[in-house]
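A, B, C and D label the chains in the order they appear, each numbered from 1.
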Amino acid sequence: MTFEGIFTPMLVPFDSRGAVDEAELRRLIRWLIEKGAHGLYPNGSTGEATRLTAEERRRIVKVTCEEAAGRVPVIAGTAEANLHETLDACRSYAELGVAAVAVVAPFYYRVAPESVYAHFAEIARNSPVDILLYNIPAFATPIDGATVRKLAELPRVAGIKDSSGDVAAMMRLISSVRPLRPDFSFLTGWDAVLVPMLLIGCNGGTHASGNVIPECLGRVFELARAGNWEEAVRLQSRVLPLFDAMLQYFEFPDGFRAAAELRGFSFGAPRQPLTTKQLEQRQLYKASLEPLLSVLVPEPTRLPYSPES
Amino acid sequence: MTFEGIFTPMLVPFDSRGAVDEAELRRLIRWLIEKGAHGLYPNGSTGEATRLTAEERRRIVKVTCEEAAGRVPVIAGTAEANLHETLDACRSYAELGVAAVAVVAPFYYRVAPESVYAHFAEIARNSPVDILLYNIPAFATPIDGATVRKLAELPRVAGIKDSSGDVAAMMRLISSVRPLRPDFSFLTGWDAVLVPMLLIGCNGGTHASGNVIPECLGRVFELARAGNWEEAVRLQSRVLPLFDAMLQYFEFPDGFRAAAELRGFSFGAPRQPLTTKQLEQRQLYKASLEPLLSVLVPEPTRLPYSPES
Amino acid sequence: MTFEGIFTPMLVPFDSRGAVDEAELRRLIRWLIEKGAHGLYPNGSTGEATRLTAEERRRIVKVTCEEAAGRVPVIAGTAEANLHETLDACRSYAELGVAAVAVVAPFYYRVAPESVYAHFAEIARNSPVDILLYNIPAFATPIDGATVRKLAELPRVAGIKDSSGDVAAMMRLISSVRPLRPDFSFLTGWDAVLVPMLLIGCNGGTHASGNVIPECLGRVFELARAGNWEEAVRLQSRVLPLFDAMLQYFEFPDGFRAAAELRGFSFGAPRQPLTTKQLEQRQLYKASLEPLLSVLVPEPTRLPYSPES
Amino acid sequence: MTFEGIFTPMLVPFDSRGAVDEAELRRLIRWLIEKGAHGLYPNGSTGEATRLTAEERRRIVKVTCEEAAGRVPVIAGTAEANLHETLDACRSYAELGVAAVAVVAPFYYRVAPESVYAHFAEIARNSPVDILLYNIPAFATPIDGATVRKLAELPRVAGIKDSSGDVAAMMRLISSVRPLRPDFSFLTGWDAVLVPMLLIGCNGGTHASGNVIPECLGRVFELARAGNWEEAVRLQSRVLPLFDAMLQYFEFPDGFRAAAELRGFSFGAPRQPLTTKQLEQRQLYKASLEPLLSVLVPEPTRLPYSPES
């Protein structure tokens, strides 16, 4: 099974006590599906997986699978700090019904390519569910092209999610892996270059922006599939300033939380504490997102979204 | 005047005494024009400008303008290490008939954005010819987007040649500068992402690969202009392994020299000395370029090119 | 209380089933104390804290405190991926009797200095035990000097363990913090520059090499304290090639494991899996450590250490 | 001949027309010698060699040799952008009477270690005067330790000037080269770590700060030679904030120019143009250097220095 389209790595709402706000999370998931998300991606970097406990992560995957209810596929992220706990997660997420698990490369320690291979090979040999390699050099050990090529020989390795944003590197990957594995999924995780990545052959993307403007990313994907590249670029160029602002002025992923608040969701206080000064700045920066958002989504924002009403 | 198409930053042939081989250079230029180069770019990084004397650089620009003879525009690079000598070069290249001068940002010293602005503004105010900003972060101080935006207010600043290869950064530049300056030229210098760069709105590129496969880069440009993006990507994906090999296994730009030798040109010993070990490896690496080249250019290679015969 | 001397971040032995080998760990700790370690440091980066479960980490601290039995102070590392679990660790380690807890800066996500402050301030306000800031830019968000200075105003912040190896940066830190907090502990974690760090005013160090050559690091510290700097440098210059080899040819901290095996300890298979090729190379690299070790410790190596015999 | 002590890489004063102010340069040199500089170093990075013409550089070396008049040795920097012009400089500086030439590694292009070797070996085989390898990774291709070791086999290679500030790397260099070449000169170029560098065996340093506080650096060197390391560190720790401020708030080397102005010298407008905003800030930043300077040099500053009066 090749994963196609835009998968949304869902933000995690917290309640007033700091616990995961499950009701709001379900509301977000239902809205995303309604707005056309092609798949869901709990426990990604956007989902602040490392800031949750293992139990919370498991619960979030369960909730996601329940809400998806088979309508869209679920790829669950794992960001456990070691191999043993990663395999535990693979097993329990498999039981919950995910289509695949996206496994981040070793983090904290930066290891050699040979060790990156050993890490993923061990997981691939023992996981009961397909895995995607998750390359995010800003946060974890990079997975180089030669290592991806070797790992693609293992049947359980079903694809890659690449958040480097390196268009040429993705072209090299596709050239070296696709002839061997036509089913291999190439997903970009860098919202800024979604259109170029689709042009050079990616199957889709997993985008934090999908929490904010799911209908726009869906439209970009449709335009690209229809070969309407110029129109796709025009839309992408309006997405870019919003994406940049959400990244630049906030701690990741708080800018995406702020923007999704403008669409009617409530996320509560973040787990990464902020100083008083940061909280004041957040108000200003959030306000600056409004005009960037309004050129993308004409509908009124900031009204609480309520799918039942 | 907006610069459109593929400009070739010509390699410089040396003779057995180590001097610039002017006859071979003229032969190369004539071949490039015949093969469809849209413009010429003497004294770029590919042209090893900093390894030449000021007098040699001036001579190369003269030869280029003579051979171009008005058929294609000439953009001359300047890579003088200081402002005073850069302005001298601007003046003498203007007299020789270049369409513009591409000025590299301050190198050796890495200076702040404010100083990058001061440097280019001083040149723009005193140059008798249009200048392109030359951004090549691997070799010189980066020119950030905000600085390009401010410099675009100066009439003499006519465009940018960007060798960073950062597709999203180019999209940001085009969004911020083109509304103000519809005539501003956006040229990429990173062969690996020519098609994505054209897709997002670049006017063309200046590519070291143009010395080796001018007909392929010209074809890529035509396909892109015709909106045949999928076919352009297919061709680009065959260019990429050759480009990678020319960069990876050789000191820049010696890989491009080795490949152009396979097309019938003779470049002599490089100015950057090589050890015996490196010279032996060069033979092996050069041989490895042949199959990568032969999938791109069906005609026999390695026969001495002789346009007169 | 200011921490003085060489603290050893203990390696963790595993048994044939991959579990923590508690008996061997106790043997290592007893040997370290016998050889003159001034303090113990369980759950450091050398102790592969992130590759253990929270329960294993707790158990290791318990074992360490039991073996130390008040003879030397224990600083327990925390490398939990989030604030909540870090505070849990602080509380349980405090109950086990540690003198302080060394808290790594946020990892995986790289956060801004203001957020680094918020993170540590939140911990400092809620921890029942003193904390040391653990700066290790290779693995986690850097803690810049201005942030350390601000955090030093909080009474619970008792010192810094700095593994950057930047001598000038440490000099700046000491100049800015010591006048305000004469009790603040400055510990270096970069074995290569222990002597220069002691010269410029560090109170001591926490060194992975301490697992291998505890007597040498102890001697370096004594020489420095006695003002015998030239002799200290001579010893340091013999430590350096061993340290370099342990880092360069192995995945961290496996080189330190290999060298400590030469002193009679048994560590079992590492938690980070290795390929067959890596395991073969490990044998060669381990053999190359022997001559580097033998110039430092004249006693026979490789005989199983047995303190009882 | 081994170079010992503090060599000053002189700043270059310019007159109101932008030309080198030879009279002021001579005044600076005489003052430096009077204040105890152990040697002079024209055309270093501090001397803005790349911002001068070849003729200006030659003139500055001539002036320096004349003023030194054999009282202190002169090491002339070369920062020509290519090998041919570097050798021209070696020859003409040799005729002017320099003790050695310090040759920067290839810049603009970043080349492989093998090519760094080929570059320096070619110069060493053809230079009529001893050369020092000049390692300054911030501005030019790094010269790695193995390459230094191989180059030290060539008799003309007489030493290294290292501006990386990496104390451990210097210790490795000394360990590998000194047994082979006891006469080899190890000079640090990073003012922040002069004392640690002397402790681990450097013969001296070449320091931009020497233009500002020559008497302090001389005193640091004497204290180190006398084995009074603690006092040397105390003095170094007062030099550090001044050094940091001169680097941080100005374009290099303008902070050193501003501070030397406070000692009575006049440098004129810099060759790297500054914006109006930068010129305003320069006044503020220059004022902030005064208190940092006054704790080091008790004598009144800002009065024009006049050795004749």
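Simple rule for what comes next: contacts are C-beta pairs under 8 Å (C-beta built on N, C-alpha and C of every residue); 3 or more make two chains touch, one makes a residue touch a chain.
If you're wondering where the values come from, they're calculated on a predicted model, not measured in any experiment.
Touching subunit B and subunit C together: A, D.
The minimal number of chain-to-chain contact steps leading from subunit A to subunit D is 2. Between the two copies, subunit C and subunit D, the Cα superposition rotates by 180°, quoted to the nearest 5.
With centres defined as mean CA coordinates, subunit C is found 35 Å away from subunit A.
Annotation for subunit D: no residues touch 2 or more other chains.
Contacting chain pairs in the structure are A-B, A-C, B-D, C-D. Listed in rising order, the residues of subunit A touching subunit B in the complex are 165, 167-168, 171-172, 174-175, 190, 192-193, 195-196, 199-201, 227, 229-230, 233, 236-237, 240-241, 244. Subunit C meets subunit A in the complex at residues 18, 45, 50-53, 79, 81-85, 106-112, 114-115, 117-119, 121-122, 138-140, 251-252, 271-275, 277-278.
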